[in-house]
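Look at the two complexes coming up: chain A is in both, with chain B in one and chain C in the other.
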Partner chain A sequence: MSLRVDGLRVYYRSLNGDVKAVDGATFEIADGEIMGLAGESGCGKSTLGKSLIRMDARMRFVEGRVELDGRELPIWDDRKMNAYRFTDVSIIPQYALSALNPTRKIGALATELLAARGIALDEVMQEFKRRLKLVGLPESVLERFPIELSGGMRQRVVMVLSSLLDPSLLIADEVTSALDVSTQRAVSELLVEFRDRGFVKSMIVITHDLSVLYQIADTILVMYAGKLAEKAPAETIIEAPVHPYTQLLLSSLPEVGIRYAEKRLSGIPGRPPSLLDPPSGCRFRTRCPFAWEQCGDEPAFKDLAPGHAAACWKAA
Partner chain B sequence: MLTLDTCCKTYRVGSFGGGELQAVRNVSLDVGAGEVVSLIGESGSGKSTIGKMILRLLRVTRGNIRFEGTDIATLGGKDLRTYYGDVQGVFQDPFSSYNPIFKADRVFTLLRGEHFSGLSGSEWSTRLQSALEDVSLNPGDVLGKYPHQLSGGQLQRMLIARALLLDIRLLVADEIISMLDASTRIDVLNLLGDLKSRGLGVLFITHDLSLGNYISDRTVILRRGSVVEVGTTEQVFGNPLHLYTRSLLASVPQLHTKWKDIEIELDPGTTDADVDAWSPADDGVLVEIEPGHLVRSSNQDRTS
Partner chain C sequence: MQASGWRGRSELLYFAFRNWKFVVGIGVVLSMLALALVGPMLTEYEPLSFSGPTDEPPSSEHWFGTTSFGQDVFSQFVYGLRAAFVVGVVGGGIAWLVGAAVGFTAGYRGGWIDDVLNMLTNVVLVIPTLAILIIVAAYINVKGYTTEAILIGLTSWPWAARAVRAQTFTLKTRDFVDVARLSGRSTRKIIATEIAPNMSSYLLMMFILLFGGAILIGASLDFLGLGPSNLISLGLMMNNAFLSSALLLGLWWWFIPPGIGIIAIVGGLYVMNVGLDEIFNPRLRET
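Let's look at the complex of A and B:
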């Protein structure tokens, strides 16, 4: 088992109190698994991903346990985590342009990054060049400034840099959202290839786009308002979801082939609750068409079938 | 209603404007009343430039844009105001379209001062009510609130309501739903569909093929500033002829078909090397394959 997260709670400090962005997350990721993490904006998916590598100043670790390859990750301690970052846990941040220092050439940037971990660039240069070639970039990018590269090229440079030291867990946060369709496909397929070649052991791909996850993820975890809603193999989530939120989310996606004139899709009425003071019971109940009395109590996130878990009274 | 005739836009680039960048090359298209035309292209294809030229935020370098037969470049003063009463735009980021210091309904107040100074208070509020209802917003939910108190979907719908207050006939919708969540974006799309049935013409600018396919009657595919394929949405999506259109369609993530089951036919002209080597002279001409379905063909682009 590569990653095991148990009862993780991460809140944001604010003047009005704690924003409960991740409120009790328990899941596991197997070796070689690509787990997709999906949900609407503000559901806590990025917070969950970020908390596994670096909590920013506003984030507060409340409780929980995170184990990577059998060792506990000290995610609450910014300094202790330094020993794990880049080597064991790595992240591809959401915006590749802001991830690259605009005043440094790619080669210089890599040297500095590696030096911070006590590694000379020469040791990994061979591998670095081999991987750049694999993602379709010429060696000459090392001599270029980030601004000289296109969005897709930058994203690929960051991918190669992030996974250069073969981390056990790679977190990819909305890596394809800002890209064009054809680049999106190329970059997504590269993520799978990185896993297949063993550059990274397992991966969390965070995106709001379920159709991209269906293409590349082995399992999908759907979050809603800071809670886990449903986790299952990608095929099951798309073809036979049990949580009403997953079902409604899927039914609101327009696909090539569906026309307004022929089949009118509808969105989910209402908006996600404020996480400052989340409602009691099931957090989806105010927007859920199937809500009944029982939903006033909080449903447990429990297994329905091997590998398929959901938090809904109707599904139990 | 709106006709673009061989429009070109050249930007001055580089230090001291020494370089030239042809962002839009010989684009001709038209949008009729009650019709949604989607303009699909990747970044840098010139799709937003076309939208801005229609809204007169940019000048056309060559060619002309006519609205009801009048060249919009000649409009000025009172005529321009009338034009903006007919044509309005809504843009991508609803959060930056509002001034965060003022309440969100200031967009309506500003409009009132500009276009409806003769209306009495009660007449105005009736109009405002009905415009908000048209975009399925509850006036009590949105009036008197600051932008940060409203969701992206609500803000975007308020901007559409603002355009509707003017009884516009053409809406330029530039990526209006790409910033919205999946659960709300479909509602905004359906809203465009409803407005279309009331006679509004919409130029729907997007990079997302599935959204264009869902809502539009006709589709225009742009690549590097020129049209490569144009036709009814059924023609373009059902029978894509240009290799570029096909490679775009093969790249769209779908829910029930895996990428590995769809082969991408490599479009000559899309690899990085081809882009560097490409010159406008290779452009070729648009050929009509079936009624209304035009495809660009040249030595470089094979069409079958």
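Let's look at the complex of A and C:
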């Protein structure tokens, strides 16, 4: 097991109380697994991803245990986590396009980043150049300023930098959202290639774009309102989802080649509950077409088949 | 300033030399500096010693004439220029260092450190600086321009600190600073490599304004007779001219050079600053 997360709760501090963004997450990622993390905006998927590497000042670690390669990650301690960042856990941030200091050339930037980890650029220069070539960037980018690179190039530079030290777990946070469709495809394929070449052992790809996940992810974890809804191999999630939320999420996707002239594209009626004071029982209850009395109690996130787990009374 | 390195610099130079405000400003300031450096070698007279007939108008012997005490005005003027630049560099430099250090620390650290530093800044800001300087200068009997400049520097930093603090606040939330923090780099390095370079034009212009400000404050103090009295400066020349009723006696060559000197340096710096603003800020450029 590469990553094991057990009962993780991460809340946001606010004046009105805690916003329960991640409320009890338990899952595992195997070696070599690319796990997609999907869900609506505000469902806690980015919070879950970020909390595995660096909590920002507003986040509060409540409880839970995170193990990476058998070692516990001290995710509540910002300083202790320093030892794990980039070497064990790394992130391609959501804002990859603005993650490069506009006053530094790429080479200088890499030197400074590595120096903070106590590594001289020369030691990894060979590998760095090899990987730049792999993602289709000329060596000359080292002598360029970020402003001279296109969005896709900057994204690839950030990808190479974040995986340069061969982390065990790479978190890719919305890496494809800001890119056009063809660049999205190239970037997604690179993520798979990084895994295949063993640059990273396992990966969490956070996105709301299920079609991207279907292409690259081995498994998909769907979150709803801070809770895990369903985790299964990508095929199963797309072909045979059991959780009503997953089903509705998929039916909201338009299909290419079909004209929606007569039929309106169906969405999910209602809106996600406030995480400040989430409803009791199943959080999807208020929007779920299949809700019944039992849903007033909270369903457990339990295994239905090997590798397939869901939190729904109907699925049991 | 988005770019540095040779391409970035040459682009800046291109715009710099097309900007007449910058060219005129830096031209005036540099010629004054040249005069301050070379001037004392051109004259054989000591600024404070008796060197000839009193109250003499400009002549080939005494280029700017002489004072009521028979001192050579040109010699006083060039030595005074030197003093002005010393006060500007030391006073402006100290104010710049203190202001930048306080501003960066307060802005980047935030929290209670910011509260304390900001309170200190506001306290120093509302204290009438000139009054403090008058009292301090009267008590410790300033002996040289460096002491005077240090006093000026230690009292004129607050607005610089506030400006840097505000800029740091906006920069520290940028994504690339977040990435630097993620890599576990030390705070000092993050400020030096991620934040300061992104406001380098701002820091340069701040220094220029502090430099000009220090010269003005220094001249005011000297004019009031609170500067070193055993040396010469532009302010002290005006003070002497005023006390000897040079204006009433029509000794224009005595009080006009120091006035022009101060106006040229400070005015040149300000015009240069406006020009620099246009050079660094592409939105103000008149291509």
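Here are a few things to note about the model shown:
We take it that the second predicted complex is superposed on the first by the 313 of 316 C-alpha atoms of A that agree within 3 Å, B and C clash if a C-alpha of one lies under 4 Å from a C-alpha of the other, contacts with A are read in each partner's own complex, and residues count from 1 in each chain.
As a working rule, a residue touches a chain if its C-beta (ideal position, glycine included) is under 8 Å from a C-beta of that chain, and two chains touch if they have at least 3 such contacts.
Nothing here was measured: the structure is a model prediction, and the numbers come from that model.
In the superposition on chain A, contact of A:Leu248 is made with chain B only, not with chain C. By the touch criterion defined above, A:Leu190 lies against neither chain B nor chain C after alignment on the C-alpha atoms of chain A. After overlaying the two complexes on the shared chain, residue contacts for A:Ala21 are found with neither chain B nor chain C. Once the two complexes are laid over each other on the shared chain, residue contacts for A:Phe145 go to chain C alone; chain B is not touched. In the superposition on chain A, A:Arg271 makes contact with chain B only, while chain C stays out of contact range. When the two complexes are overlaid, the chain among chain B and chain C that reaches more residues of chain A is B. In the superposition on chain A, none of the residues of chain A is touched both by chain B in one structure and by chain C in the other. Interface of chain A with chain C (complex): residues 53-54, 82, 85-86, 91, 93, 95, 98-105, 112-113, 115-117, 145, 147. Those residues of chain B that touch chain A in the complex are listed here as 42-43, 151, 153, 181-187, 189-190, 193, 207-211, 213-215, 233, 237, 247-256, 258-259, 264, 270.
Contact residues of chain C toward chain A in the complex are 1-5, 8, 174-176, 178-186, 189, 193-194, 197-198, 200. Chain contact summary for the complex, chain A toward chain B: residues 40-41, 151, 180-185, 188-189, 208-212, 214-215, 238-239, 248-250, 252-261, 264-268, 271.
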